[in-house]
Amino acid sequence: MRRLFLLFALVPVLAWSQAALPRTADGKPNLSGIWQVMTTADWDIQDHQARPDAPAGLGVVEGGEIPYQPWALAKKKDNFEKRASADPLTKCYLPGVPRITYTPLPFQILQAEKQVSIFYQYAHAVRFIFANGSKHPEGHIDWWLGDSRGEWQGDTLAVDVIHFNDQTWFDRAGNFHSEELHVVERYTLSDADHIRYEATIEDPKVFTRPWKMSLLLYRHKEPNIQLLEHECYGFDYEKYYP
Amino acid sequence: MTLLVAVIPLLAHHSFSAEYDIDKPVTITGTLTKLEWVNPHGWIYVDVKGADGKVVNWAVEFGGPNALLRRGVRKTDFPLGVELVVKGYRAKNGTPTVNGTSVKFPDGRNLYTGSSGPGAPED
Amino acid sequence: MLRLRLRKILPMKRTMRVKMLLTLPLLAGLLPGQAAKTADGQPDMQGFWAAEVGGTYSLVNPRRGGGRLREQLLEREGKKAPIKQSRITDPADGQIPYQPWARARQQEIQANIDRPAKQEYIDPQARCLPDGPIRSIFWSAYQILQFPGYVVFVYEQNHPYRIIPLDGRPHPSQDVKLWMGDSRGHWEGNTLVVDVANNNSKSRLDNEGDFASDKLHIVERYTFVDAKTMEYQATLEDPSVYTRPWTIQARMLRTHLKDPKYEQWEDACHEGEKNADASLQSAQNGGN
């Protein structure tokens, strides 16, 4: 009798949390909105203490370890030593995927049935996630943000990303990849104001096995919230114009 | 009444006369050493043997690669070491740099080039 | 042909004729473009568009990119570069109504673009800086996306974007200056009216030195004429640079129609840009 009561008590709770997800006309969870991370992954995706160039923070790598091949671990350490000039973000280069998700800047997702568009405040970066059943173009293409093809798996938007160049880092700490990088992102609305974001990383040239990052996206709820600009490569030239 | 449909080519980024010299057309033959398949302008590098026997590496600028990518052309279609005949205009700053208007391969293929100027298909 | 016929039936200035042509169908209650609407009732103008006459070399003498080099090459062949009619329809002389100091500045920049020995003479577009709302629309094709409460423009080259809310919210403080300005839109029938403030104006208006200050205010009108045609109009106001407001008009046409599966792809720019510094070096070293 008690078990049945508990079961009945759960049903409205489950129904309520399901009903709380905003959905589009075609029944999918609606990811549209302005989002931003609170994690310090942009500085270092692993647990790290405070540094002159980084706030302390817990990492986003599941299991904590990044499974580098031995040569690659040495390169990562070298990157770390040279990060003040070698981090591509010091030149305002596009951050690659998934780093573009966790820079300390907001981005706006605008979702349509066959295409999810993401507009980032960072250097007017744009990603179109084609969710129309189309395939990646033939390879290899050297893009900063890769080519993104998405599909809904239940209430999760799964995005397959390939066609990267080897110029981006995963963070300021020098974690890196080759042009064979393959990322699978998963966007899941855990409630109306939070997205659980996961990125599985695969790169047989650099790592011994796939590994995964996991973090939260928070919805901006300030009234009249909007993106502004972060045209960092223009900072040195602004003074000469108009 | 025919409805016009706009066909917009990749328009030039900058004033070419600032960097290249229309009075210095050049044709060079060399072997491909490197490809930079980047925006806004791609670059190919060719080793050219001069009359004095010395080898000089020339940089050849061509248009953004997206038009080529859309036609199915890939960086890997151009093996390093292949011999190329390049026509273009020489840079004003005296370096071995060319704004390429045509790049011919031994098999007769012509990689369209030209960030802007006559000859580029989009013109 | 149509233009000649129209000129006979409606013998008046081009701007008047355009205005009349746009109003008549509205009066008749038939506007073919009205058929398609988005889920929230906006006229549906999504897809790829481009200016009928593209190119950001000049507003007053528009022609394709390549500028002086291409013109020189054509002149050598005894041909004239195809220069089109001024995009400026008001004032009637097709010129930008500069204050005298501003006209002098524009001419100074124009005189130096082929030999930019100073940073300020390098075209900001050559540095891959975002082109601003006016210049962007003539430089490349662009995609229009519409969502509940928003119209978004994404330009193909260098992909700057403009997210335009339709809910009437205020602009941020005018102390905030943006490369692409800050846009607020609303629909009037088949016309999207966009108010653009917060312009940093650093991208200038074209390659031959036309410019505005950060006091620039723009009102754009995108009128959806039929399924494949838009008339674009932009009125620019900047009392610190011009003697009066002035207006650009241009026709926009759908594009990439031959390829229904066309996708907008990445078009990164400044990461690979090398030419701007090379041309500066060349000019400073006395390159001819």
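A, B and C are the chain letters, set down in written order, and residue numbers restart from 1 in every chain.
By our rule, a residue touches a chain if its C-beta (ideal position, glycine included) is under 8 Å from a C-beta of that chain, and two chains touch if they have at least 3 such contacts.
Keep in mind it's a predicted model, so treat the numbers as computed, not measured.
Chain centres computed from CA atoms place A at the largest separation from subunit B. By the count of C-beta pairs in contact, the leading chain pair is B-C. In this assembly, the C-alpha centroid of subunit A lies 33 Å from the C-alpha centroid of subunit C. If each chain is reduced to the centroid of its CA atoms, subunit B and subunit C end up 29 Å from each other.
Centroids of subunit A and subunit B (each the mean of its C-alpha atoms) stand 36 Å apart. Under the contact definition stated at the top, the residues of subunit C that touch 2 or more other chains are 128, 158, 265, 268, 271.
Within subunit B, contacts with two or more other chains are made by residues 38, 69.
Residues 137-142 of subunit A touch subunit B in their complex. Subunit B contributes residues 1, 3-22, 36, 38-41, 43, 61, 64, 66, 69-70, 89, 91-94, 97, 116-118, 123 to its touches with subunit C in the complex.
Those residues of subunit B lying in contact with subunit A across their complex are 37-38, 69, 72, 74-76. Partner subunit A is touched in their complex by these residues of subunit C: 39, 118-120, 122, 124, 127-130, 145, 147, 150, 152, 154, 158-161, 163, 165, 169-170, 172, 176, 178-180, 200-204, 211-214, 261, 263-266, 268, 270-271.
For subunit A in complex with subunit C, the touching residues are 25, 32, 91-94, 108, 110-112, 117, 119, 124, 126, 128, 130, 134, 143-145, 147, 167, 224, 226-229, 231, 233-234, 237-238, 240-242.
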